[in-house]
Structure formats: C-alpha cells, structure tokens
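Paired with chain B in one complex and with chain C in the other, chain A is shared by the two complexes that follow.
Moving on to the complex of A and B:
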C-alpha cells in the first residue's frame, strides 16, 4: 500500500496486484502535463471560463481536505462547511469592520477555523460513528445560526459583499493563478500528510481502531490532529472562495454545504488521493451544466448519487482502475507489453 | 401568569409533534440500524398531502386529510424500502446517509413537480379552531389535540413493542436476525413493515404540523436536522429517548425565545452538544462499540 504514487494510488484497494514501476512515472508525467495545461489555460481561456475553473479549483481543495477525514480517517464530519465558511468570513469581517489588510484577514480566518476545529474536535471525537456525524452536524448548525443571527458582525442572511480583495486578485487571471498555486501547494502538502507515518497511523485507526489502540496509538489525539489539519485545508478553500466571490454569507456554513465535498469525494473515489480531485471537477461542471439546462437537476444529481453509492462505491477512481485493468488484460492477450 | 400556561402548551405541542416524527426515525434505527435522511421527505409529503385533500374549505375532511398525509408517506416509505433501503442493511452509515440523502433530493424535485415551489397554508378543523381557557390563558385547542396525538403514538408504540408478537419479533431481530429468520419469520417483510410504520409516523407528524405553520419546499431538510438532534440526544434507537429529546428541544426552543431572543436558535444545538459531551451515546442510548 505504501508503494502507491500520487497518480496510481487509484488502486489503493488492489494491493495484491504487482504494479509495474513504469506506471508511477507515467502517472507523474500525467500530473505534470495536467498542471502544464492548467497553467496554459490561464493565458488561453476566456475570463468567464477561467472564473469557473477558479471556483472549481477551490472546490477541489475543499474535497481533498475533507477526504483527509473521510477517506483516510474514516470520519464522516458535517462540520467542514463551518470551517470553510469561517475561512471566507475572516477576509470579509476583517475588511468590513477593522479594515484589516486582506492577507491578515485571511490568516485570521484560517486561524479562527483551526481554533474552532480544536473545540469541535475535542467534544465530537469523544463520540463514535453516527453520533460523531450528527454531533458535527449540530456544530455546523450552531455556527450557521450564529452567522445568520449576529447581524452586527456578519450582516446576517444578506452576507458581506464588497471589494475586499486586492485589485490584482480580483482580475480573472491574477485570481486564477493565485488559486491554482495555492490549491496545488496545499494539495501536495495533504499528499505528504497522508503518506507520512502520521497519515499511515490514521489509516490504521480507520481500519482497526482496537488494534491501533492495542499497539499504543493514542487514537483520540491522532484523530484530533487530523481533524484540525483537515479544517485548515477547508478554511483555505473558504479563503479562496472569498477571493473568487468577494463575499461571505451564512449559506457557506449550512450543513448541506458540508455534504458537497463528501459527495465529491465519494463520486471520485474516497479511498484514493486523486479521486476527490476528479470528483470535485466532475461535480462542479455537471452541476453548472444541469442547473442551466434542466429544472429538475436535484433529481438527476440524486439519481447519480444513488447509483454510485449502491453500485459503484469506489467511484470514478474505481471505474478508472477497472478500465486500466481491462486494457492491460487486453494487451497481455494480444501479446503486447503489459 | 397566564403566559406560563400558554408557554407550557406551546412547548408540549411542539415536543409532541417532534416526538411523532422522531419516534418513526428512531424506531427504524432501533429495529434495522438504518439511518434515514429521506424521513424528512416523508414528513414533507405528509404535510403537502393535507393541503391537497383540504383543497377546498375545511370540515370533517380534516380527519381524512390527516390520515391521507400519513398514508401518502407510508406508500412513499414502502417504495423507498423496496427499491433502496433493502440494499443498505449491512452498509456503513456513510453509505446509508448518502443513499438516503440522494432519495431526499429526488423526492424534493418530485414534490416540487406535484405541489409547486410556493408555500401553502391550511386551517385547523372548526372543532379545534378556537381556544380553551385554562388557568386564565386561551390555549389553542389544536395544540391540545397535537399533545394528545403525541401521547397516543407513544402509548401505541410502547404497546406494540412490549405487548405484541410483532414487537417481540422486532426486538429479537435486532439481537439475532438469523435465529428469527430460522424460526420461520420473513425478515424482509418484517423490516419493510417497520420502515412503513416509521414513514407513516413521519407523514402523520407532517400532517399534524400543517395547520400550525406554512408548508413549503425545504421543510424536509429543516425537519431532518431537528429530528436527528432529538433522536441523538435521546439515544439512537430508543423511543423513550426520543420522547425525552423532544421535550428537551421543545423546552430549549421556548426558553430561548423567551429569554435570549437573538440566541434562541443556537440553544437547541447547544443542548445537543452539552448532552453528547456528557453522554456520548445519548441520554437513554447504549454505548456503541
């Protein structure tokens, strides 16, 4: 399992298959090519298309950070939208009330999210499984209600709008490149995290909590640390949202907004590192297409979710792995190089 | 001091309504270890069905509408159980949450096709429209009726679980499904039965609330959060816990509205957080391994 690379980790569950080392290089090359294309898009694409891509990239980070808990920790948290929202509100509130420099507001928001995560985590992680999911949901609702009701600070349901972002970041190209760099850097950091001994311990806890405990692992502390790290990732995604939209509103903190990164991760394949990346991109573009062309888009989305959950729980990554295996089998049969 | 009586009646009727819906959810969880987000859809369908039946005026039809609301929800529940829930019995909670959330999304759009996107209101039946004076306060009769229904549902569930063969099988099926199946019970139909009862209660709860608030799309999502809170506070799977949780939440709502207006909505979430911080498995729940 520890041999999987950034790209080929799609086969996380297929440890027994000997993997040719050549694919690792191929995967890395593919990632570099995608990165190159994304960099090129900033020059070639129209401002409108770039704005969309910028929003999608923010969601990629949201999904990857959420999946640290979901896929690697086995923890279903509905609190991630709260941290996302706090990240966005940091910029907005700092700008509105204290005329804080943009960067300071952003940092304050991310720090506030981390502090909130410690409080939520300390209490929630004492509960197990479903109770954990529902308790984090209660916390999200609490933050939502505060954002909604404390009008003096947050402007209530209206939200905060305005030129809170430096001019160069509000430009389509500036904002896009900045978002791209942040998302790539933080995603790589998340990758380093799941590959680290700490990340492996987290997976061990997910797979067999009792055994990990018996081996002397402090489960509670590990999960708490993972919870806070994930929340920081979500807060950075929220910070990027504030750059993209120049706004913050209570909706960001609603529990259904916590469901979105979970859906993206499951759609892409939550037991792989890159699955949530693909899931976020597909989800974002599918949703924006559906909402434009169909009135019953929730129906289509619901059916899609249902089919994946019931029939293809490994998501797009699983479909990709199946296709890869089929191709290799075909090559082997036709005598080509495997 | 007449407002105290009104507050008590308001609290109890809100709690009774929450209890009816929550009892259905917790019954299903207790019997099948299934957590069902679409419970909110059944509730909303119950409420909208009432508005359809009452289409013109009120009258004796209200009782028919109440029954129709519950039956519509039960039929929806039957459909969902047979098509989706059956595949989820041994699934993880995440799978259950996601699949039933998908069902909720689907039902939300179908509901908008049937009943539109606007809100609707209905009146209580003439018999229950007026108030009754108790200790100097005019308590709405309809609130008393809701409290009565809540108590009746609680009693009926207790009788069903403790005194009938069905309830006996149900409790046995949680402990050891294989033995129950070996004993000649059709486990699939037993589970379908429980699920339909749960959906019926959700629909009944939705139908009951119809004359007390406006009925609109989105009430499926908001009720499911309240009901999750109620059953988690009480302990998942415990009907008595659901009653206790509903009372606590009803109380938190009333007290919040009375004393900390701008923090009122926060109080129910704080209640849940405090309860679970002290007892991570809920008041009457059993620690999960």
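Moving on to the complex of A and C:
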C-alpha cells in the first residue's frame, strides 16, 4: 500500500514535469517582460511608432476575442466585424448626434453590440458549422447595409469623422497608454474566461458536442453566452479603433473584415491563448511593411496562410513551442555532458 | 424504471429501430445483445435524446423522455457511456471529471434534478452521492492520470474516465454502449468487476454488447436485438444456453474489436 502510493506519486510528478507547468512559468515571465517593454515603449518610441503600436494592440484584442469562438468554441463566425463596427459607431454616433462623452458613447456602442450579438446568436446557433457561418455572414451584410444606408444616423458611406475623443486621447502617448490598459485588462478577462469551468465546458463542446450534451450540458446556452462574450470583446476593440482613428465608417462592418481576426488567430495558432496575440502583431506589421513594398501584398499574406494551414496548423505558437522544446533538449544534452 | 414502448428511429430514410420495447427495473442489470448494425447504439442514442424517437415512448420512472433534448435526459437521471474513444481529447483527465462533477452543483440544474425525483423514487445508489474522491477510490489510476490529456489515454483508461464522468452525474440508470469494445482481455475482466460493483450498489444498468461471455456474468436479464426489433427476452441463466443467441452473435463474438459502425 505504502509503496503503491509512493510509486503513484512519483509517476504523478513525472507527469507534471512533462506537462505545462514549466512552460506556464516561462510564459508568465515572458508576458510580464513584454508588458514592461510595452509600457517603456510609450516613453521612448516616436509618436508615429506609438500610433502604429496602438492600432496593432486594438487588433490584438479583436483577434483574442474572436478566438474565444474560433479556437475555444470551434465556431467560425463572420459576424465579428459587425460587432467591431458597432463598437466604433457607438463613440461616433454618440458624439455626432448627442455630443456624448466618448466613454458614454463607447459604453452604449458595446451594449448595442451585445444586444445585436444576442439576436444574431439566438438565430445562428440554431444551426451548425457551415450554416452557422453563412447565417453570421448574412447578418453582417445586413448590419453593413444599415450602416451604409441610414445616412441620417451614420452619414452613410462617408462615415463619421471628427474630434470625437478628448484631446489627451488623441495624443499619441495618451491614446497609446489608454489602449494598452484596456487591451491588457480585457485580454486578462478573456484568459480568466477560458480557464474557468465555463471555458472548459466550451472546449468540451468543441471536442464532442454530443458527449457534452449527454453529461447534461446545455450546449446552445453555453455557445450563446460565448458568442455574446466574444462579441463584447470585439466591440471593445472597435471602440479602441474609434479612439485611434477618430472615425467610423461602414466598411468596418464589411464581412471581409471578419476574416482578419480569423487570419490572425490561425496565423498565431488558434488553439493557444497567446497565439492570436502574436498573430495580430505579426499580421499588422507584415501588412504595413508589405503594403509599402509590394502592390499584391494580399497575395503574400494569402500564401503565408496557405503554408500555415497546410504545414503548421498550430501556427506561430506551435513553432514557438517546437523551438522551446528544442532549446530544452539541447540544454538537457549539454547538461548531461557537463 | 426505464421503459421503451414501441420505439422507432430513423437515420435519414433508413428505418433503424422498428418498434423496440424493453424495460429495465430498479437495480437490474440488463443486456441488449445484437450484431453490428442491429440497432444497439441507435437504441442507446435514442434513449439519450441524441436521436429522436419517432414514434414511440421512453419513460424513466414515469417521466416521458422521448421529447426531451439530450441534456435534459441526462439531468433526468440517465448516464451514458458511449462506445469507442469518445472523450474530450483536449481536456485533461482531471478537467473531464471536474466538468462532469461541476454540472451537478449548478443551482438551477440541481433544482431541476430535485424536481425530477420529486415523485418519491429514491436516487440511485445507497444514498451515497458520487464525488470525484469516490470515483478515484474505485479508479485509483485516474488520480495518476489527472494531468494527462484524455485523448492520450489507453482504451481501458478512457473507459474508466467515461464511466467516472457518467457516475459523477449521479444517474439513476447507466447506459453502457459496448463497454468491452477494443479492450484487452484483462481490461474486459476489470470492466466486468466494475459493473458487478455498481450492481451491488443498486445501480440500474443497460448494456449493449455482442461479447456474450463478458456480459453473461454480470447481467440479470437480456434482450436480443436483430434488424431493429427485439427478437426475444430471457433471464441470464436461460440465455446462456440459448442456441438462437449464439447463432445470432457467432459472427459478432469473433469480431468484438471491430467496433459498431452503425
């Protein structure tokens, strides 16, 4: 009995060593270092570089929020751009028509996106896979047409431009730090969400929907909640876009825009939490570099996506994990010799 | 306890179940024998609400199950252990168990369950609810495997995990779909030990199987299902010598490891 429990605890430890904890500590350290560098960047970087980084951070949130559905829920939604756009329009419309303070307009936009997400989700989640994707696409088109046609409210295709945020937020440094704080806080909230029992249940549904149902899980309700939470995250990213660009226009809601966070998440690795973060950063800077040097930049990014999907479905996160393993192996080998 | 009355089921145009009627009494362990394609898995899935019974009635202690979605059937007290390697591959063993255990702590889910047993029928087991600790006590191996991904477990370990998950829902009846499928003989012997243990605890069990030798030792009664109909029903001691049963399953017993692909 005694030896049994000893043996089992030894095995238990071995399992532990072979599994995430070591990586998690390294990951935590890396995250803290990156955040420190990001905070430092606000002081030392040029205003132009900060403006770029601010835009990239907004996309990070867009990708992380979209990946709650894509990576954890196994749901491909083309509606996330609509919620992003609604988040941006909240600030713009509030300012244009009622001179609302930007944060009140932002809150209204995020709330409106949540309501829209409930409507889209309640209907779309009745169907599965392709039909779900197609229904979300149809809804996005609907929202796009509303933004494009309701000129009295949205200014139509022209969009809304103007000094819709306070001067300190329009400053590169103020805007950057505000964006950084919002993105970090909301991303941490998303992390807590995927680690919660609710997040685990969502993964279980992704792995095997019927098994989850047979364990008493109300799949529809779980997916609807995840859909609304993801959409709120996307709306917050849209709100940050309005702060960055001081504008909102219908093309934000174009369904092709929903492809961007999906691209970023797949590029970075949709089955890890931080993959989409890396994907968004790489996508943003690759795009700004490529657009300056190549006219057919989309071709290059398209090829990149093709290569990832075909040869490395775990994305940049998978490549990073492979590299980490290789380093550990190398270190173990040299340690063995020493 | 669990009653199926003239249950029909279709996959598309295929008429799979053609009027299945059977019953499992409280504390009874009943087998549903049949070859591949006889409709065993379809029967299990239909009870569970994963297929629709059309037409037909399925009741658990008088509660009609046949119009309920699967998660309501589960909450009404039906535990399901599907065949094959159907686990939550990306979750660890420990997460799988806490997921199953967590489901019963939820306020409204519990209220529903209590409502479901308000007719005075006793909960399954000797008033001793299943907890993760209790599952660990009968499957000590799951403790060691807590951090391993469920998708990486062996066939026998996955059966333990699936059984543990189903028990954590504190079901009134367990449905086991081909529990011996693809398992090494030694693990099959263990499986029959586990079922015997559950039976001693007073659990009602319906087992779909084609492995007669394994099943015969643990059951009270058995049905033979052929081409979507119940061919006959008999007590275990009468089944053991039944030429008809052996004739029907002769092929099946030789190929237990091929799996039920209906």
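In this text, the second predicted complex is superposed on the first by the 314 of 338 C-alpha atoms of A that agree within 3 Å, B and C clash if a C-alpha of one lies under 4 Å from a C-alpha of the other, contacts with A are read in each partner's own complex, and residues count from 1 in each chain.
Please note the rule applied: a residue touches a chain if its C-beta (ideal position, glycine included) is under 8 Å from a C-beta of that chain, and two chains touch if they have at least 3 such contacts.
The structure presented is a predicted model; accordingly, all values stated were derived computationally and were not measured.
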First, second, both or neither for A:310, with chain B first and chain C second: first
Which of chain B and chain C A:134 touches, first, second, both or neither: first
Partner chain in contact with A:225 - chain B first, chain C second, else both or neither: neither
Greater residue coverage of chain A in the superposed arrangement, chain B or chain C: B
Touching partner for A:301 - first (chain B), second (chain C), both, neither: first
Which of chain B and chain C A:215 touches, first, second, both or neither: second
Which superposed partner A:290 touches (first chain B, second chain C, both, neither): neither
Partner chain(s) touched by A:200 [first = chain B, second = chain C, both, neither]: second
Chain B versus chain C as contact partner of A:112, first or second or both or neither: neither
Touching both chain B and chain C, residues of chain A: none
Residues of chain C defined as touching chain A within the complex: 48-50, 69-71, 73-75, 80, 82, 86-91, 95-96, 98-100, 102-104, 109, 140, 143-148, 165-166, 169
Residues of chain B touching chain A in the complex: 35, 84, 87, 93-95, 97-99, 101-106, 108-110, 112-113, 221, 225, 228-229, 232, 236, 262-263, 265-266, 269-270, 272-273, 276-277, 280-282, 288
Chain A residues within the chain C interface of the complex: 8, 11-12, 15-16, 19, 197, 200-201, 203-204, 206-208, 210-219, 271
Residue ranges of chain A in contact with chain B within the complex: 70, 76, 123-124, 126-131, 133-135, 137-139, 141-142, 145-146, 148-150, 255-256, 259, 262-263, 266, 296-299, 301-306, 309-310, 313
